[in-house]
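Shared between the two complexes below is chain A, which pairs with chain B and chain C, respectively.
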Partner chain A sequence: MDAILLQILNGLDKGSAYALIALGLTLIFGTLGVVNFAHGALFMIGAFCAVTLQRLFGLSFETIDETQTDFLGNPLKVKTPYVEAWFGPDFGATIIDWSVPLAILFAIPVMLVIGYVMERGLIKHFYKRPHADQILVTFGLAIVLQEVIKYYYGANPIQTPAPDALSGVMQVLPGVVYPVWRVVYFCFAVLVIGGVFAFLQFTTFGMVVRAGMADRETVGLLGIDIDKRFTLMFGLAAAVAGLAGVMYGPINAPNYHMGMDFLVLSFVVVVVGGMGSLPGAVLAGFLLGILESFASTTWATTTIPGINQIIIYLVAIIILLTRPRGLMGRKGVME
Partner chain B sequence: MFGLEKKDSLLLLIVAILTMCAPFILNPFPTDSGLAQFNAGYPDLMQRFVIFGIFAIGFNILFGLTGYLSFGHAAFLGVGSYSAVWMFKLLSMNIIPAIVLSVIIAGLFALVIGYVSLRRTGIYFSILTLAFAQMSFALAYSVLTPITNGETGLQLTLSDPRVLGVSATEDGSIPVTNLFGAEMRSAMDVAMGPWTFTFSVGYYVCAVAMLLAFYLSIRIFRSPFGMMLRAIKSNQTRMNYTGLNPRPYTLAAFVISGMYAGLAGGLMAAMDPLAGAERMQWTASGEVVLMTILGGAGTLIGPVLGAGLIKYFENIFSKINDNVLHGWFAFMPDGIEDFMVTLVHPFVGKGWHLTLGIMFMLVVIFLPGGLVEGGQRIGRMIRGRKARDAKSTATKPAE
Partner chain C sequence: MSKTNLTRRGVLKSGAVAGAGVALPTIFTASSASAFTNEPTGSSVTLGFNVPQTGPYADEGADELRAYELAVEHLNGGGDGGLLNTFSSKVLDGTGILGKKVEYVTGDTQTKSDAARASAQSMIQKDGAIMITGGSSSGVAVAVQGLCQEAGVIFMAGLTHSNDTTGKDKKANGFRHFFNGYMSGAALAPVLEQLYGNDRKAYHLTADYTWGWTQQESIAAATEALGWETVNNVLTPLAATDFSSYIAPVLNSGADVLVLNHYGGNMVNSLTNAVQFGLREKQVNGKNFEIVVPLFSRLMARGAGENIKGIVGSTNWHWSLQDEGSKAFVKSFGTKYGFPPSQAAHTCYVQTLLYADAVTRANSFNPCDVAAALEGFEFDGMGNGPTLYRAEDHQCFKDVLVVRGKENPTSEFDLLEIVEVTPAAQVTYPPDHPMFAGGQLGSCNPGA
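Our next item is the complex of A and B:
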């Protein structure tokens, strides 16, 4: 029983990442009808927001500390981060330590702007073009973004540790210990997903957007500037992907190709959940994450070797062939 | 000529001349000059040009004609490579049986995947092929290690039981791949004045294979079968209403393009007898998509151009480092020189992928017909006035 619970828990953090990326992806698809292959790159940029903040906080100046000497008796140089100098050593150190969660505040405006610019500058011109063109141009954009990141941050993974307070393990249930940060990530994902749903469900803006998803033309005829709202939704989707990336850093050190790695999987998630269905994307994200962690157990890998590597694709193929609209998709979307 | 129209046979002739004279054409700069690094006339690179040309020609038969965007074609390339290396290990070092086997196996593999994937269209088809390719990659990497040798990749060893031929040569090394005795890696250097031209057996074998592949693709493009594929691309629903089942045609196109990929994989293994799982990863499939689009999907010559361009970039552009850049801008004042170098630096050398990505985006946005369409536009501009009349009659790539 504990073993099963542990596997479910194990799957949750990966599932959260899948669900968040897929949520944004399907939001873009549902509103704008665009297949965005650059969405993984947005996830990666989010992760690098945390890296950037960590570096900014880490900026330091050197001073000579007379109290410390090396073995020759010369005074040693010590590095003091500006943040510690400004806010006092204790408070400054705390800020540095909390750079990953603080990056959320930094990432939201950055991702909104990136999403807005991307939609206005590029995606806008591709509404009328076939899906293959959309895939191709966003694939090109993904390559460009990835290379820019690689140029500025290098090709190696960059460690972005969680705050000390959240980096240990905790006892989730009697007998089950689990890394704190993964629990935090899951809770954060649930919060963000809940926030997006609440935003769409309970605000006038969300109501208009939902109406626009159902029938864009009629909403436009009612005198509402639906295009502007959809652009904002693109920004929101980018922000969701970015937030998923920001908090994912401590679980897996950010590197420049993490976007492409997640892209394929998140597309599979979207398709399994049903294109354009928001609850479907979330459900499929968690489902596939948990399935993957079950398939990684020694019991599963000894019974069917390699099952952990292929389980997601296998599920996707079976779903696509038996139920092409996905778990919760509407009929006739892109068939 | 060979049952082709005048225009097509002219095209084939031009391509034939270009490929046969490639060692000259790709070596425009004298060996000792500073520009020699832009020479692409060495056997390794020329082989890659034509092999990826074959791969892209095959991909174009599926994507250019029927519009099915497959993101999993690298799987067939990988399967082709693996089967060719196994043939070298078990049967003989002659490349003919190896290539035949790789084409057949890749074709069978494509038949299975195509049969399943083609039940869906549009993005669902793309995702299905992607899923299959990633699955094959994962399997080749882990579970199928007895067949694929996992992450090390499949190589020849001294203890291979070659039925026709020897396990090891007399001096104790692994025999090399050959075509009835002509070794693939043997090459002849010809010095003419300051130039050095290299003629390699391997390149010419690949070039002949590409010419055959190109000829076959022209025949497919011009055949009723090709017309049918174009019809499927333009409106599948209408095809259904006229009582035609498009599935056999699309499946045939899928299998043919898979066999092309298998041929490319087999040739790759014939030139350098090893096969690894990386060849099957989805980014490798993305590369062939880039090649085809860049050159011009749906055109005859486009994929070959695209493949050549990308491989040239990958191998030549990536060699430009800061020293070379300083050499280029040396005539400028110091400050401006450094500025120019910093400006260009991200786009060359290790950053050539960035150039590729930007170029690709520009092509998709402004030139949906690829470089071929760009060439046509320039041609029309030069011809000036005629352009206005020509616009209506210009040959458009299949949509």
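Our next item is the complex of A and C:
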């Protein structure tokens, strides 16, 4: 029973990342009709926003400690972060310790700007082009972004630890412990997903966007600049992916190819959920996360060797064979 | 009126004569002018450095490339000479190799076997590389080694730890300085027994490719010989990033040790996940739960951050060794690049010097002469103590280090401490050991 609970929690966690990325992908596809293969790169850039803030907080000045030597036998250069010098050692250390949650504030404007620039500078030129062209150009963009990050940050994973207060494990049931940060990540994902749905459901802006998603031409004929709103939605989708990346850092250390690792799975999630369906993307994200988690149990891997590696694709095939539009897909989309 | 006697036999004879005539110039130019593949004829010789410049092992590849450039600099008489000063063989004098200036070309393996083969092939066919070296994955090393055997050039393997490289996939043209999974098991087992006792239940997570399989087999055999029980072995995809769903079952498996047969980014993530799930604070079967990472590297340790503290593993070489060779290499590399070299950098640098030395001793670039010079070669002063390049399988036998993640590092490089230097004799196995069976070294191929 404990094992089942743990795998469900794990699946929800993994599903949180899938759902957040798939939500952004679906927003872009639903509004602009663009298949954005650079979306994984946006998730990766979000994670590197946390790395960047951590490094900014870590900027230091050097003093020479004659009593110690470095690896070549020269006097050791001791680094003291400016933040600690300005705010005192204790408060300065706390700021550095909380760099990942604080990176949310840093990442939101950065991701909105990146999304806006990406849409205006490149994507808009491909609206009327075939999906194959869109895939090629966005995939190329993803590779460029990935290489830029690798150039500046290196290829090795970079640790972005959770704050001490949110590290360690918590007891979810008697005898069952689970990492605190993973619970935080799940709660954060639920909040973001809820926020996006509320924004689309309860604001005038969201109402217009939904109307535009249903019939772009008619909304345009009403004198509403739907293109501008859709551009902002692209920025919002980028921000959602970015936030997913920021908070994912303490779970797995950010590295330059993490976006590619998630991209294919997220597309499977979108297709299983139903192209263009926001609730479908979220539902499929959590569903496939849990299935993948259970497929990795000792029982599953010993009963069907390799099931952990193919389960998502297997389920995707079954769902698409029996329900070609995906779980909650709309008629006419991608048909 | 002319009469023609066009018979089948006549046509065949004429064809054979004409064919031989057409082929004659090629026979003379190809065979007599070049006795072996890419025989150097000018004033320089080209080496091919095939490393991962992209992909998950790109940082290892970058360090390997730095080491290769340093080796070339030293072979050509530049810098402080590095390990040329401490190497027991004294035939290298800083004038290149056999008086020819050393040049090099680089390729990107992308940590993919097909890309690595294509890259090596291009370096051999287009750039005229006479020796290929590099790697950072056993899958890649095995693939490139096979290609070099077919092409008739020497392959000096870089970072490859699978038993198969000098086991079932060994080749006469391929040589490995790096240690292997069996040696890790042999070096680790006594230390694990001393630290954790001989009544343990181990759960293995294993990267699903040649390196993971053979390392797991080696570690399981070594620990089972101590009395440990292997509870389970779960294969994980190389592309996996989140290992939490593999870690959670460990909690209820009854195991009190988790062995992570992972490398690079996989190890960083799986270890991070294991620590997140509180495995290091857990008590099972009345014992503290322990995590073992059989193959460690400083670059990986840097990626894993705080999580490596107290974790035990093995490594081929470490910059903190205090022998003259290691100190010379650290000084040379550290002065040039500003940080100490990794074990990948060390093994690649040494392989380049060993190749150059073998050519010089053989007084020939012919791969068969070079192979003969390397086979059974004993040397010292390269940082791992006295070392033997065994003739039977082209595997180096030398001391193996057991290391542990340092609790209180003094710098960003001071991440691992040496727990034990296991003597070469303790990690040496017979050439026909079952874990290395199934392949033939074959005979050297000079190509051309």
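In this text, the second predicted complex is superposed on the first by the 319 of 335 C-alpha atoms of A that agree within 3 Å, B and C clash if a C-alpha of one lies under 4 Å from a C-alpha of the other, contacts with A are read in each partner's own complex, and residues count from 1 in each chain.
Keep in mind that, in the parts below, contacts are C-beta pairs under 8 Å (C-beta built on N, C-alpha and C of every residue); 3 or more make two chains touch, one makes a residue touch a chain.
Quick caveat: nothing in here was measured; it's all calculated off a predicted structure.
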| item | value |
| --- | --- |
| Clash or fit (per the criteria above) of chain B with chain C on chain A | clash |
| Partner chain in contact with A:Leu221 - chain B first, chain C second, else both or neither | neither |
| Touched partner set for A:Asp13, first chain B, second chain C, both or neither | second |
| Partner chain in contact with A:Leu59 - chain B first, chain C second, else both or neither | neither |
| Touching partner for A:Asp2 - first (chain B), second (chain C), both, neither | second |
| Chain B versus chain C as contact partner of A:Gly306, first or second or both or neither | both |
| Partner chain(s) touched by A:Ala198 [first = chain B, second = chain C, both, neither] | neither |
| Touching partner for A:Ile135 - first (chain B), second (chain C), both, neither | first |
| First (chain B), second (chain C), both or neither touched by A:Val177 | second |
| Larger contact residue set on chain A - chain B or chain C | C |
| First (chain B), second (chain C), both or neither touched by A:Asp70 | second |
| Residues on chain A lying within both footprints (that of chain B and that of chain C) | 147, 305-306, 309 |
| Partner chain B, residues of chain A touching it in the complex | 35, 122, 125, 131-133, 135-137, 139-141, 143-144, 146-148, 151, 260, 264, 267-268, 271, 275, 305-306, 309-310, 313-314, 316-317, 320-321, 324, 334-335 |
| Complex interface listing, chain B residues touching chain A | 67, 69, 116, 119-124, 126-128, 130-132, 134-135, 138-139, 141-143, 282-283, 286, 289, 293, 346, 351, 353-354, 356-358, 360-361, 364-365, 368 |
| Interface residues, chain C side, partner chain A - complex | 54-59, 62, 208, 232, 234-237, 239, 241-242, 244-246, 248-249, 251-253, 265, 268-269, 272-273, 276-278, 281, 299, 302-306, 319-320, 330-331, 334-335, 339-340, 410-411, 413-414 |
| Contact footprint of chain C on chain A as seen in their complex | 2-3, 6-7, 10-11, 13-14, 68, 70-72, 76, 147, 150, 154-159, 161, 168-169, 177-179, 181-182, 251-253, 255, 257-258, 261-262, 292-298, 301-302, 305-306, 308-309 |
